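After this come two complexes, each holding subunit A, first together with subunit B and then together with subunit C.
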Partner chain A sequence: MRGRPLSSVLFNIFNYSFLLLIGIITLYPFLNLMAISLNESLDTVKGGIRILPRVWTTSNYEIVFSNPQLLSAAVRSLLRTVIGTLLSVFMTTMLAYTLSRRDYKLRKILTLVMVMSMYVSGGLIPFYILIKDLHLTDTFLVYILPGLISAFNVLIVRSYFDQLPEGLSESARIDGASDFQILFRVLVPISMPVIATITLFISVGHWNSWFDNYLYNTSQNLSLLQFELMKILMQSISQVTGSASSTGHIDATLVNTTSPESIRATLTIIVTLPILLVYPFLQKYFVKGITLGAMKE
Partner chain B sequence: MSVLLIVLLIVGCSKSEKEDDLTGTTETNTPVSTTDDKPSTPEAITFKINTTDPQARWDTPISKKLTETTGVSFEYIPIIGGSDVAQQKYDLWLASGDYPEVLSLQPRVLGKYRDAGALMPLEDLIEQYGPNIKKKFGKFYNLLKDADGHIYSLYNVQTATETPANSQANFAIQYEVLKEAGYPEIKTLDQLYDVLFEYYKKHPTIDGQPTIPFSGIGSNFVYNNPTLSAGGQPDHGNFIIDSENQVHLNLVSDNSKKYYQFLNKLYAEGLLDKEIFTLTYDTAPSKIAQGRILAGYYPEWFLSAPESSIKSSGNLNRQYAKLPILFDANVEDHSNAFTPTWSNNNWAISKNNKHPERVIQFIDYLFTDEGQKLISWGIEGVDYEIKDGKRFRSDEIIQKMAADSDYNWKQGLGNNYNRFSFGHGAKLDDGDYATPLTKEYMIRGYDDVTKEVLAAYKKDTWADFLPPLEYVPSFLWQIAEPEGAAALSKRIQQVWDRESPKLVMSKNFDKDWEKYKKLIESSGQKELEEMYNKAWKVVVDEYNKAMGQ
Partner chain C sequence: MRTIERVIKTSTRIQKPSKGWLSTAKSQYQLIIMSIPAMLILILFSYVPLWGWIMAFQKYSPAKGVFGSEFTGLDTFRTLFKDPIFYEVLRNTLVMSIMSLGAGFVGAIVLALLLNEVKFSLFKRTIQTITYIPHFVSWIVIANIILVGLSPDGGFINELLMTAGIINEPIYFMAEGKWFWWIHTFAGLWKELGWSTIIYLAVLGGVNTELYEAASVDGAGRFSKMRHISIPGLIPTAMMLLILNTGWILSSGFESQFLLGSNLVIEYSQVLDLYAMNYAFSIGDYSLGVAISIFKSIVSIILVLSVNFLARKLDQGKIF
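After this line comes the complex of A and B, so read on.
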């Protein structure tokens, strides 16, 4: 600390406490959910849980994990996320490269068609009928194929390619590189920030989605983690309101019910943790890969 | 749902992962039927049916028994999400013709399916295969028919002859308040006011926090339903139906005026919860669970969760007595109303079904005493015992059920065939109750403090406080909304929501009441009443016709 002017010390103190505060504010909802998920559910109903659980318990997790379908559903979700993300990033990059090539004749019209799909959608029912006629219902493929290309992601990648100096691919071509080599050996390595970005978008999207599962795949053998968790949540809600069993038999006061609030918090923690693990791996690419010094013009 | 997708089909991408996920879809546990009492051995058959209970499954002891007898199994298609998400799925099914063979839907949705020609008329099938259905519906059988004379869906018939033991009034008053006042008779709002006032004066705080003498939840349960209860009216939503079968808007009725006055008085004396206008279904339970609300208007389905939280924290004296409270001693109480059928989750057979007769036979079995016992009581020796010739759930069985919140589903008691139960308080042909929820069962579930309070009033259950059961053709909120009524209702609702707090806090009540009445009137009160009058007349006429009067 010696030799540092007081103002700098003060600035650091202020700076760090300010950032710490922002950090806590950002983390608070998550910590709060964590606390609720670890709190006894009848106690949670009383409210007032902040960052620490009041009556410690793991029973909420026990209830959720007691579902026999959960493990296999988690495996399918993982498969879907990995396969879907890899394929999707690959396809998106390929298409974006094609569209970024100025000598590609259909560049304009294809881009237009894609942008249109962002604003005008066919609607749920026609889409469902399409999926059905393609015999994609009750298949694993329905998780991957329909969302393989997202116009939004293609545009992001394309505009990233667009702003790369053209000299890079030209020089590679002079050295005898094919289009594939230009894309994967030259452009992709320096485009890691945007690839990492869409990877994150796509993988989070895959991990979180349950609606396609609900619409297209009724079979238990194809259900995903999110869908199973959604079911557990619905179940806890219906237990409380008794709507599911209006002619039900068991006196509500006898059953040790779990409050939907606890279950919801528990589920949020369970589904968030795995996808959180993706971030550290992608983070380094967000700063790297700058084209600085690649060209001298 | 802003999923912005473009569908690209890439040939050759469909490989590996397909196989292992597609194996084994429908398992039909073929019973090598052992039932000799049936004339022919029922062939195993599986139907698909939708359910909003995601935990429903068919591999349970009770469903297996049903399959043994009828040969029919069901494969459940779970429908989840709020009603709008569920609705999307039903619309998709209807549009694509992809609906399951048996549908379990609300009448509103079924109407769409019927209009699209997706449902089979059932009356001939019932004639041929459903003798028990006909028998149990008896004089109510014609109520099943739609306006075109066909029957498109089946649901239960409520044969209760006494108030179900789990019924309770909606006014809730803390045990502690009653105890301190020496368990006085509380039948009118004035008596309620007096005990609250006295208790609040002596105990301005409970456990260090301010006492809240009276609270409520949501606009309907703060200003509408309590007026119906206190006026002894059955719950027709925001309406009252008079003895001449004329529909009146309850929001401006004299009863409403009296009740606003009651709230106004509470407010003036500082006895009303300051947050009463802003409490939501999310925030109110935790407030109740703190145990410092002395009284309120809470329906059973809402109160049970916070009350069990109070119970679990050991504050047994902070639980609530559920008493019917009227405006004054002269009010006749007709609030304990019942409908002969409960058409809410109806079963219909879709055009995709190749063996509708098997479904009818299955449902017909549910209408037998055997079937009723199975779906409501469970399996003898496991879910209930016979003691002195009566069906009975022993303490061990109750313990077993309470220990496992999933028990109902594992055993098969919760599955949606259970909707065909004759209801609590109904009796089977053997003279014993159709469901385990009997008076004796309720009493066994009460804790000592509750028993003490009930004993002080010389009652056994909260249901005993209620007036005798009365049957009404239907509740007004059950019938289809007349065309154009939605917009009017909404406009009135807005005025009502805006003006109600003003009335409660008003310093010049009579003037403000007149102003409010005029506002509602100018928002289309007469038109709305007229619309519902017509719709109600149709319902009553059909009811009378069906009942042959």
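After this line comes the complex of A and C, so read on.
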């Protein structure tokens, strides 16, 4: 046996350092913002904050959480995520179950209509006019209803149901179980990996949404946390570039008590943290889910 | 499209003798209750907006509605194709899509190959977990990070470039149009790079290990194994993904352009969707906005159909 060739050792050194660098490039901006959010805002203006705060403080967080406008936006974001995700997962699972039932008479036509929906799109303006005609503007419902069913998620769940042994639901049916019972008592408990996958996708989608807020719900009493962050962001961009800001103004008291830079960093960390806390635990599920979905495609 | 065919094939396989639709509906009423509400919502929000396409052939006014507005034939499209800004916007859309597609394609394959060479699995999993994070954060967060990083006033990118001696004065990235395409490309790459390796790593994980063993016996080093086994293993998937993504080249999102663009860089940042929005909401010309959507859809449909055709040929080994 020869020893490892030099080129292989060199490659290993290069490879590990390169991947480490990629990891650092990915993490650094988050750590930087975290440091800014925990640093005294007057001190931040002097610059030079990297991954550790210079003058520790939690006052930025206190200011954000004591601002009624931001606090209620946070509550609405949370409500949207919880309600939207529960309803969406519930409806998606039911639809996927019926489409996995080979004896269902409408299965063929419904599947066709659903899959085609991934390819057709009326475009932004017709969609906007539809929302207006349905009187969904300035309602909380506009956050939940339009995105309730995604064909892609239904297909992921359906292909999971498809590969479960058919005897399971068959024997439950012989015992006199209804379709609801078969789905929620028999199939759902053994399909947790795929349910977890779509729950993650759907909830992250809700938590991150801002465009529907911007387009349909311009009134302050329905705004979400991401949108509040966007308003501050847009104002900063227009300051950097010296052009006029087109989207509303932020609460003046916020800017007086701390700097826009600190508020932006703090809000960014607040909207990112929930995702960071949840997603690593679901990683093994969604990797399987997305691979399955992509293979099916 | 292939999904549709497959789905139809599997669903026609089992057909019990029909009993008359009323008794079937009765016996399957639970399935109907479980599927119809969801389907109605899907149809409402996916298909009903197509009705709005009529507006492109009218001089649409919101007050009169689709029924009351005057028909003008193809006038809207003539106005659109005469507008020089339309071609600028089309150029921006295409250039940014192609840059992102190319960078993402090469980046994902390289990163997957490098990760695949890591034998220390804790390190590999940690890097994977970290690089998936940006996929899950919103474009607003990404835009914030970019704004902080590119700030001429102590942003880390400018600091890094100045420390390295590449530049002497901080660059005003956000205020100069020539940087916009690059900012968009790198931001997208940073956000999606890790995530897009998932599929390639799955393919590499599925390569028969006997191939590697046999190659080792024959004296192949790790580079020749990478070149002759790993890369050829990835090519079919890579080609398929590249071809499929080409179909969506006009519809590759507008969030980063919306958030990071400003009047100073609009010549480089405006894309079709934003141009349509601008006409509809700022100028009040809904018809032109819809005409842009229709143009986008038609080009996309043609592209998606032709790339699906190509992909099928590729699947059967008829091309390449």
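Descriptive notes on the structure:
Assume the second predicted complex is superposed on the first by the 187 of 297 C-alpha atoms of A that agree within 3 Å, B and C clash if a C-alpha of one lies under 4 Å from a C-alpha of the other, contacts with A are read in each partner's own complex, and residues count from 1 in each chain.
In this section, a contact is a pair of C-beta atoms (placed from the backbone, for glycine too) under 8 Å apart; a residue touches a chain by one contact, two chains touch by 3 or more.
Just so you know, these numbers come straight off a predicted model, no measurement behind them.
When the two structures are aligned on the shared chain, A:76 is found in touch with subunit B, with no touch to subunit C. In the superposition on chain A, contact is made by A:259 with subunit B only, not with subunit C. By the touch criterion defined above, A:128 reaches both subunit B and subunit C.
Counting the residues of subunit A touched by each of subunit B and subunit C gives the higher count for C. Of the two partner chains, subunit B is the only one that A:231 touches; subunit C does not reach it. Contacts of A:184 after superposition on the shared chain: neither subunit B nor subunit C is touched.
By the touch criterion defined above, A:47 reaches both subunit B and subunit C. Touch criterion met: A:139 reaches subunit B, while subunit C stays clear of it. Of the two partner chains placed by the overlay, subunit B and subunit C both lie in contact with A:114.
When both complexes are overlaid on chain A, the residue A:211 reaches subunit B and subunit C alike. The interface of subunit A with subunit B overlaps its interface with subunit C at residues 47-48, 91, 114, 117, 121, 124-125, 128-130, 145-149, 151, 211, 230, 234, 238, 240-244. Taken together, the subunit C residues at the contact with subunit A in this complex read 1, 3-4, 7-8, 11-14, 16, 21, 24-25, 28, 30-32, 34-35, 37-39, 41-53, 55, 62, 111, 114-115, 117-118, 123, 126-127, 129-134, 136-141, 143-145, 147-149, 151, 153-154, 156, 172, 174-175, 190, 193-194, 198-199, 202, 221-223, 244, 251, 255, 259-260, 262-265, 273, 276-277, 280, 286, 289-290, 292-294, 296-297, 301, 304. Residue ranges of subunit A in contact with subunit C, taken from their complex: 5, 7-8, 11-12, 15-16, 18-20, 22-23, 25-30, 32-33, 36, 47-48, 50, 91-92, 94-95, 97-99, 101-108, 110-117, 119-130, 145-149, 151, 155, 178-180, 183, 204, 207-211, 226, 229-230, 233-234, 236-238, 240-244, 261, 264-265, 268, 271-272, 275-276, 279-280, 283, 287, 290-291, 294, 296-297.
By the touch criterion given at the top, residues 42-43, 45-48, 63, 66, 76, 79, 83, 87, 91, 114, 117-118, 121, 124-125, 128-130, 132, 134, 137-141, 145-152, 211, 214-215, 218-219, 221-222, 227, 230-232, 234-235, 238-259 of subunit A touch subunit B in their complex. The touching residues of subunit B, when paired with subunit A in their complex, are 1, 3-10, 13-14, 17-18, 21-25, 48, 52-55, 77-78, 80-81, 85, 88-89, 91-92, 95-96, 98, 156, 166, 283, 285-287, 289-290, 301, 304-309, 311-313, 342, 344, 376, 398, 401-403, 405-408, 413-414, 418-419, 421, 423-424, 435-437, 441-442, 445.
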